[in-house]
Structure formats: C-alpha cells, structure tokens
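In what follows, chain A forms one complex with chain B and a second complex with chain C.
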Partner chain A sequence: MIGAEAATALYAYAAVGPAGAALEGDLPVGLELIGDDEIAIVVERVSLDEFAEESLRENLNDRQWLESKARRHEEAVQALLGKTTVIPLRFGSIHHDRDAVGAFLDERRSEFRQALTSLQNRVELGVKAWLVERPAADTAAPAPTTGREYLNARRRARDDATQASGRRAEILAAVHERLLSLSEAGVLNGPQPPELSGRDEVMLMNAAYLVRIGDDRLAAEVGRLSVDEIQFELTGPWVPYNFVERVS
Partner chain B sequence: MSTVAASRPSLQEEVTLVELVDRVLNKGVVLTGDVTLAVADVDLVYVGLRLLLSSVSTLERGAEDAA
Partner chain C sequence: MSSRDLSGARTSPTLTGGGPAPAQLADVLERVLDKGIVIAGDIQINLLDIELLTIRLRLLIASADKAREMGIDWWDGDPFLSGGRKDKSLDERLRRLESAAGLEDDEDRA
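Presenting the complex of A and B:
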C-alpha cells in the first residue's frame, strides 16, 4: 500500500524571479520552489482528497473551504511581495508532480521572462469608491395632493437621480484619469455586489493601478480625494494580479 | 514617517472575501495544457463562485427574513 504517497499533487501559486537559494529562505512554511535562479514556480503539496476533480467540484461549493484556500493562495503570494517579482497564477492550478511543474515552466518561460521584466519593482494598489447615502433632505416638500402633482414629483425624483448618477460617473471618470496619470497602468473592474463586499453601501468603482515600489503619489492622491457622497478606499500593496493576464 | 502609509489599510490582517474574489479567483495567469490536472479547469472555479454568490445571498436573505 503506497496510497498515502500517491494521493498528493502540487498547487502552483506563482511564478517568481529571480529565485534561487536566498528566496527559498523567505518562503512561508510548506512552500517550495521548482525551477532555477532565473524563474521558479512556487508550489505547495496538497491532498488529492481535496483537489482531485470529484472532490473539487464539491469543495468549490463549500464557501468556507473556497475562502480558506483562496486566503492561503493570497498569503502565499503576498509573502513574496517585495522579495522578488511575483507573477500570480489563478486559483486552482494543480499539477501532478515536479516534472509537470518543470514542463509547465519551460513551456511558458519566455512569457514569464517578459512579464518579470515589466513587473519588476512594481506593486498593485486597489482603489474602491463607495456611495455613502445621506438622509434625504427633501422632506420639506409638500405631499402631492393631485395625480398630476404626484406624477410631477415622481418625474423630478427620477430626473434628480439620473442627474446625480451622471454627475458621479463624471467624477469617477475624472478620478480614474487622474490616477492613471499617477501610475503606469490601471484597470477598471466591475463593482462587486453587496453580498460579497459585506458593506451596505453601493460600490461605484473597483479599480487597480500598477505603481513602482516606493512611489506614494497615487496613495497620497487617494487620501486627498473627497467628494460628499463618494468614499474612496485604498487597498494593498498587492502583487500585480490585475496586470498579468496579458502574459497568458 | 509617511502619513500615507499610516492612512492606508496596511497589508490587511484579514483580507476581505471581496478582495480574494477580485484577485485570487478572478485574476492571475491561467494555466492550460496537459500538465495540469483536470481540476485546474477554470470553469469549475466559476461554477463554484456562482454557487458561492448564491449561497451567500441566500444566507443574507434568510437573515433578513428572520429579522
């Protein structure tokens, strides 16, 4: 019975470079490097009980499982931030064994090399904008007494809302332009639903920007941004998750 | 020293689920090819995410109904 030995695989978290012995010492417990001094893949041995296709299907439906594995993935790549250049791989990159990881690295080496050069000394900063509802101030308006008044009031409310939303869109577009000018690249992602954000406020903007390590201009600008009903939030620094897709 | 660093939610001890979805699950280099097991099939993650979203909203609705 050699079952215990066979029932594992390698979860690949990231491609990093330069790698080598010095970096090995910086790895969180349980992680290892496969590759060479130029580029290596950061892997962790995982159980096929959890990650084989059948089990995975079930586990992905388990919010706690998914969240804990995603958190582990995030911790693994963040631990290397600032120590080398990190190209994060997407969640759930599972390989049979070291040879398979090596083959994968060789196959993608030129893409990784290019990405490592362009992402060297860069980090990602996240910027989110939230709509902070203020209590409605129009309680002074007299209650409509006729159908016509009611319809007019409805129309005014709708026009006001459309105007406010248009104004906010303009503000956010200007903010994005400004932040792009203070960064090397930026992307606008779709706002996340409240179920995921855990906040009651509506998310208006969900952006990420690529900046040089030590360049605080964008962070400082976000700190200065202030618009009555829009609250800005800065997150990070992150490894450049949003700026590696062109690699693939 | 730097007020900027102080005002920033410096590397969060607890990264929120939304950040995990934004980054770990939605971004990053996608692997394809025979070297990976079938489990690396990206669609599976999306299936999981859809269920995750619906299960979370179901939970929330349940909480609201109970309130």
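Presenting the complex of A and C:
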C-alpha cells in the first residue's frame, strides 16, 4: 500500500471512438475519458474498499451491490450510444491508474479499432419469447373419477404437451430465421430462469440481434409477431454487448 | 433504496436519455456480467475471472436449485426477484387432484 493513492482505482467501462473532449459533456457525472481523438476508454474512479479482492468476493454475492454496480456499468456504456461507437468491456475491469488504462488501450488499440469499425452505427435489440398460459385450457374435460381415468388424462396431457412443445420449437426457429434476415447478425442466449427474469412465465427464447441505427424493420416485425400462447418482447436499443467478441 | 426504484433506472433522463422502456435487471446482468470485451485489469483479475464465470454459470445456466447448492441465493427473500412471484398453484392443484384420486405417486403405479 502506498498511502492515499492506493485507496482508489479506475473502473474501465467501455472503449469508444471516435472520441474527443466534446464527448465528455454527454457522460454521467463522475465518468471521464482516457485516450485520444480516435479511441478513448470510459472510466470512473472507484473505491478499493469495494473492489479489492477481500471485499469483492463478498460484494459479488450481495445482490443489491451487484445490481447497483451492474446498473452503473450499463448506464456508463449506454450514455454514449448514438453519439459515437461503444465497445462495452466486461464487468469489473479495474486498473490502478491512468497510465495502466492508457497502456491497455495502446496494447489493444488495433483490436478496438477493428471492433469500432465493424460496429459503427449499429445497435443491439433483444427479443425474448414467453410461454403464456392459456386460461382455463384444462377445464373442458370432465374431472377424473377414478385413478385410471386420472392416469389416462395425465398421459394424454403429457402427449399433448410434447406435441405443443415441438410446435413451439418450430415456430421459434422460424421466427429466429425471419429476424436474422432483418438484421446483420443474431445470437441465441440461454433462456433466463424465473429467479432471474422475475416472471412466472417460462422463457422460450432469449435472442439478440445486431441492426443498423435507424433500421426499424426488426422492431416492427417483432411488434407484428403474434402466436397464440407465445408472447414476444423487444428490448433495447443496447450497445452491441452480444457482438463484440465476434469481432475481437 | 429498493430494487424497484433501481429497476426504473432506464426511464430516468439523468441516466441515459435512451430507450423508453425500463431495462429489466435480468437483461442488464446478463449483458454486463457475461458479455463485453475482457480486459485483464490490474486488480485480482484471476479472482474476477473465476467469480464471474461462476456467477455466469449460477445465474444463467444452472437451475435455481443448483445455484442454491452452490451457495448463491441472493434472490431468496428479495421481493423484486422472488417475493409474491412464485406461483405454487400448479403444484397445489396437482396435489389436490392426486389426493382426490387417491393417488400419492402415479408414476410408480402406472
């Protein structure tokens, strides 16, 4: 430890370019740019009390802490969306000082340059599909009066469910194909479990697509999608989180 | 501050001035923790790598029960993520039906 200097560090949120001092005005209070007119890193001074090893392990398991830091990260990368091209960095990139940030910028400059070029004027749109329970779907059949009837009913229900799930898989594959044709790239992520999504409904699809800014075709298509028991949800625009590794 | 306050962060003009819909916490966590270019930071990057990998596994891939076994349970007792949300009606309906039909475990007898 080297006195007061050791108490803070710099959290690097994103690489942006073209950069320049004019962009600083669009940053939330507390954030600054380190770099030059071509590429700069969005950073914030953070306390080592929170981000040093011993605290970090605990903090990462503290939901409120994690949520507030994740939202701050989101806010930081999102702030310059539409103003320049933003390459988000992974959560928790912590550096001792400005020199260290400058050093990794120089080291990775060609990689950032390539990503900035290929993602210029692009945003990410999220598309999620939910299975919404049809109301009173099982009240048509008479209630079983014997164990055998009950078992048969359950078997039928299971067969129906298997068929329905096959149908849904086909529908969603077709939807993904369609959305890919309206975008430059797309990825399918694992569906979020209810504990994470906060919704009772089962998530069937969790996709992200890369589109040009101003190209509304995919968003319009999602708005038109209508399938009986599947509800579609559009999120974003996001900075292209899901597409930076592709180009790096 | 409750997590519901935070969940509306996207709508605040001081934050992004961006999209009209509030960003769901799940969508933010998924992106911020799991995506983005990895930069080897000065501070405990090895620990971070490991922690982030496990968080990713726990949150996004493993089932909730599995995650609890692994010791991650921060959504338990949190109103935003679990309180008043868990719908047990299907389980209860099944139990009522089974009890009405005089069955405890139909799978074994089928």
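We adopt the following convention: the second predicted complex is superposed on the first by the 227 of 248 C-alpha atoms of A that agree within 3 Å, B and C clash if a C-alpha of one lies under 4 Å from a C-alpha of the other, contacts with A are read in each partner's own complex, and residues count from 1 in each chain.
Methods note: a residue touches a chain if its C-beta (ideal position, glycine included) is under 8 Å from a C-beta of that chain, and two chains touch if they have at least 3 such contacts.
As the structure is a prediction and not an experimental result, all values here were calculated from the model.
In this overlay on chain A, chain B clashes with chain C. By the touch criterion defined above, A:98 reaches neither chain B nor chain C. Of the two partner chains, chain B is the only one that A:219 touches; chain C does not reach it. Of the two partner chains, both chain B and chain C are touched by A:89. When the two structures are aligned on the shared chain, A:146 is found in touch with chain C, with no touch to chain B.
When the two structures are aligned on the shared chain, A:68 is found in touch with chain C, with no touch to chain B. Judged by the touch definition given at the top, the superposed model places A:9 against both chain B and chain C. Residue overlap on chain A between the chain B contacts of one complex and the chain C contacts of the other covers 9, 12, 15, 51-53, 56-57, 60-61, 63, 66-67, 70-71, 73-74, 78, 87-96, 100, 104, 126, 189, 192-193, 195-198, 206, 235-238, 241-242, 244-245, 248. Residue ranges on chain A touching chain C, taken from their complex, read 9, 12, 15, 28, 48, 51-53, 56-57, 60-64, 66-68, 70-71, 73-75, 78-79, 81-82, 87-96, 100, 104, 108, 111, 115, 126, 144, 146-147, 150-151, 154-155, 189-190, 192-200, 206, 235-238, 241-242, 244-245, 248. Residues 2-5, 7-9, 11-12, 15-31, 33, 35-42, 44-45, 47-49, 51-53, 55-57, 60 of chain B touch chain A in their complex. For chain C in complex with chain A, the touching residues are 3, 6, 9, 14-16, 18-19, 21, 23-33, 35-44, 47-48, 51-52, 55, 59-61, 63-64, 67, 71-72, 74-75, 78, 80-82, 85-87, 97-98, 101-103, 106, 109-110.
Interface residues of chain A, counted against chain B in their complex, comprise 9, 12, 15, 51-53, 56-57, 59-61, 63, 66-67, 70-71, 73-74, 78, 87-96, 100-101, 103-104, 107, 126, 189, 192-193, 195-198, 206, 216, 219-220, 223, 233-238, 241-242, 244-245, 247-248.
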